[in-house]
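Both complexes shown next keep chain A, but they swap its partner, so chain B is in the first and chain C is in the second.
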Partner chain A sequence: MNTNYANKNRLKDLTFWQKIYVPEIIKGLSVTMKNMFKPNFTLQYPEEKFIQPDSYRGRPVLVQEENNIERCVACGLCARVCPALAIEVQANETESEKERYPEKFEINMLRCIFCGFCEEVCPEEAIIMSKDYELVFRVREDAIYSKDKLLVPVKDLQDRINYLREFKG
Partner chain B sequence: MNDFVFYTVVTLIKLVAFVSVIFLSVAYLVYFERKIAAWAQNRVGPNRVGPLGLLQPFADVLKLTLKEDIVPDAANKTMHTLAPMISIFVAFSTYAVIPVGPDITVFGRTISLSLAPGINIGVLYVLALTSIGVYAITFAGWSSGSKYSLLGGIRSSAQMISYEISMGFSIAGVIMLASSLQMDEIVKSQHGWMWNAIVQPIGFITFVVSSFAETNRLPFDLPEAEPELVGGYHTEYSSMKFAAFFLAEYANMLIASAMIVTLYLGGWQFPYAETFNISPMLLVGLQIGAFVLKMVAVLFFFIWVRWSLPRFRYDQLMDIGWKVMFPLSLINLLWVAIVTMFMK
Partner chain C sequence: MPKITIDNKEIDFTQGQTIIQAAEAASIDIPHFCWHSALSVSGNCRVCLVEVEKMPKLVIACSTLATDGMVVSSQSEKTLSARSAVMEFILINHPLDCPICDEAGDCKLQNYTYKHSNGESRFIESKNSKDKRVALGPNVMFDGERCISCSRCIRFCDEIVGEKQLTFVKRGDRVTISTFPGKELDNDYSMNVIDICPVGALTSRDFRFTSRVWEMSSTKSICSGCSKGCNIDVWVRNNQILRLTPRQNDAVNNFWMCDEGRLNTFKHINADTRINGPQVRRDGALSKVTWDEAFSAAASELKAFSKDEIGFVGSPQATNEDNFLFSKFVKSNFGIKNLTFFKHIIPGTADSLLQKEDKSPNSFGAELAGIKPSKDGYDFASLLSAINSHKIKALYILEDSNILEIPEIESYLSKLDLLIVHSVNSSVLTQRANIVFPAASYAEKNGTWINCDGIIQRIRPAVTTQEIDRSLDGFSMSRLDKFGTEYDRWNQTAKVDARPSWKILCGLMTVFGQKQKFSIVEEVFSEMSNTIPSLNGIDYSSIGDLGIKVSLKSPIPATIEGKH
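And now, the complex of A and B:
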């Protein structure tokens, strides 16, 4: 077995022109110079906003039907599956056809990790990941979103619902 | 009005002009550093404070002045305070010998466009002062009482000492050609296209590389290598003391480019401007403009290199300093000796 590794030509062995640095430096400089004239990728954020694809997972919201009633039947699967324990549901009975409704539905947005498990597990298509990503709170209490913040009319969520119907297993 | 009063007033005016121009250009150097970095990385860079972000440097300075000045418990208080002072003193006093233009005649008296005209040890003065600059960094590193600062300080002193040698030898070539240490004489020796960068290209390259190392700029910024040493020698500094180091770093960059321009790129001379047949005032303006233009080009090169090249490893840095730059500057010295022999 040849153990004379010192004389072996390896990938990291540099040629003469690489060893004198200067041509390689010029190569590197020309790359940055070329990039100076390329258009930049920056979005001027508060003025310009990016267009989210339908697969985008923003904050989870509850779907509100046209008759202003939420779809949710308070089965509690979302709360059960939530890895961050962000969802709290309290069920109650109702006279309407679906028989149960969430008396209290709270998502702690400080805990939410936007994994989308709640959406995936929901049998009623009642909790949906919206495209809303601008979540700012000044007090911790503000981060707990209750039903008044969570309910979103179904017509605003149609893109995501169509996407889910097409791709959700 | 006698000569003494006249020259005192003129020197004071020059002093104020120099210092304010340096402060302003350092502020905007930081701005352009960030802008050019952004361009090289397909970004926009600072653009929020004022039109095109032009007020950004002032916002930065304001922010730094409002910061709390923290001195670590383990620090040597005197040294810790002294270090940024030395740093900024060195950075600003070096400009005294750099001529930005030819002598001009006002009211029948000649005024030289450098702060301390006719200093016959001009180049030595700059070399001596930039060597003092090492103390600032070493003191800062040692007195902070932090291992990262200490490592940064030690690296810096080792680096600056080894690159000072090749720098000195490259300058020796320039001095041999000009047969003078005076800045004005060196500039005048490069009339027309007889720029030292063209006459002694090896010396030019070694000098430029050494000045990158002297100013701790990127391929050689080991003293403050962010990924390894947090902030290097100024890790434990905050508020205006940090600002002093920051300012001094960019002021040093200005000196380095002024030195490159003066020693190698013909200083304030516009090639063959004397033969253009234009009015003396316009000629002086053209020559000062040429100096500024060359400075800007060199500074752009400094920043451009920073955003293109990766950092050297410590042993590579020492290897290049002692085994490559030093012999190359000696070869350059030999070359200059041959050139002078045939020219005279």
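And now, the complex of A and C:
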């Protein structure tokens, strides 16, 4: 009945030059030939690494001020807004003027979807999407980044902070 | 009846009501900071300004009496612009540190700022600085900068507690709240000022910085601290109770609860001393066994004694359902001769506001559920002396930590040949016991308590044990509970292996050859309401959130009291 329908169609669609196959092969090879002499886009990762634009959203990090204290006040908005429930914050009281600090700040990097909502919602400019994209773990527990891995000195994040101030106000 | 028109809605009111009271009765919300329905009118925040026809200026709704034929607008252009101006004025010296402030998410000022303010301040000068982190008392911390001087806390101490402990000091924009020199905010109800504070100026020293409100789930429950049965919300995050707050119930506690109940009635539930799994004493030491092993061990041990040698102690801390099944179990197997309970009364601890002398939440209900010795039996005091004279050789105690308060309880317990207890935490009782059944605490089960005024109220589970599931068993859930999975870290907190006492008794009765048909606690209650005349026609839905008064034939005689 309809079992040969595709076949029939195919025979009808093909032109004579297509049927003889050789010109089509030459056409395809010409594309290959053309690209052989174009500039190379491939990077030899990991020897070569690409340069991220400032708008790049890598892994979220916490800003560490010059006095080695985190900027975060543990308000919990990033944990609230996180659609993947990746962030866990436990606040506590500190003697310093800002009263509140994150006793525990953990991001589960297996859950993080790099959406950047945490950065957007942060009222203190304390959580920033860095340019770091190399995330390797051998066990699941290693994927839970706590403050020791999350804190990054503010001078290393200046590009992104400037970008945010310019474009996201 | 006189009528007032608010926002084109005609409302009946009673003479003497203010505009805001009339509006509240008709569920029209007029914004307010300083006004509180349980406190006197202060009229200092000015946020409740409304436009009244034929009045030359806007008036404050909280102190203007409603009159017949009055036409009020809370949404007119003039009202809205005045309200926005008042908000701007209040925010002049209010620090915008919501990310740090503990009140955020639960803050009247924050909510009103979103709702009624235009969101911009023209104030460019520097804000006032005042004292921060002032410990007003043992339980309350004060932040002067956040205070908007509404005076609710001052009026609460003056009018509700009747102890003048707080006052305004200084004038103008330097005004702040202080205790009197050398004095502290240390009345028995001091923490209620935290709940009525419309901003984050007053915070709980116990709860500060622990959790955001939106991270927790809240469950409607009843305080277990005394027989008043104040309505509370139980706030839970990661299966741990973090705080209790009072819940409004005009028939019981109005808006309030005492500090004692708020701070000291939940920490044992999260404690390490929880009994986890049933235990049976073998070769002198308690060892963990399965539930079935514990049931058959209890049955065979109890059968070794004659009926008159066993004392049964019900519990004013357990629910009506637990006590009902306990009395049913005892009645059908041993007779109710030695069935009694310990009423934990501490004379002199009652006050005119909420606190009661009876420190158990359900003395009323325990007796109503049938925990009452027959005439020739022992009441609790004579039960103790019968233990002393070795007439009673075995004791079965339903969950009751107040028994530990009896002086020299250990000497009584040491005279027993057999002690079976249902217990939430380990204690002297469980250390002496031959068989320990881990009981679910009041925050882990459904049930009912009857308070000192005969109002039957419901407790609901807020914390999960091994046998119950948060989503399947209809708990209130936080966002993490709703969207997380059981493999998430916040769901990995250890759950205790405990059961509500009624369920333990069902298991035990099965071993005694009296298989019970109950699978949920509602079924126990419906049998109760069918057999106990005072509870006829009552079920869980008619009790609802606020409880209902039980018709009582006779008040409970205060015969079964403790010794001190």
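Here is the rule we use: the second predicted complex is superposed on the first by the 139 of 169 C-alpha atoms of A that agree within 3 Å, B and C clash if a C-alpha of one lies under 4 Å from a C-alpha of the other, contacts with A are read in each partner's own complex, and residues count from 1 in each chain.
Note that a residue touches a chain if its C-beta (ideal position, glycine included) is under 8 Å from a C-beta of that chain, and two chains touch if they have at least 3 such contacts.
Note that the coordinates shown come from a computational prediction; the quantities given were computed from them, not determined experimentally.
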item: Chain B versus chain C as contact partner of A:T32, first or second or both or neither; value: first
item: Which of chain B and chain C A:L14 touches, first, second, both or neither; value: neither
item: First (chain B), second (chain C), both or neither touched by A:E88; value: second
item: Comparison of chain B and chain C by chain A residues contacted; value: C
item: Partner chain in contact with A:F41 - chain B first, chain C second, else both or neither; value: first
item: Touched partner set for A:I113, first chain B, second chain C, both or neither; value: neither
item: Chain A residues contacted in one complex by chain B, in the other by chain C; value: none
item: Complex interface listing, chain C residues touching chain A; value: 98-100, 104, 132-133, 208-212, 214-215, 479-480, 483-484, 488-490
item: Chain C-touching residues of chain A, taken from the complex the two chains share; value: 73-77, 79-80, 85, 88, 91-93, 98-100, 108, 123-124, 144
item: Touch list for chain A against partner chain B, complex; value: 22, 25, 28-29, 31-33, 35-36, 38-42, 44
item: Residues of chain B that touch chain A when the two form their complex; value: 36, 38-44, 205, 304-305, 307-309
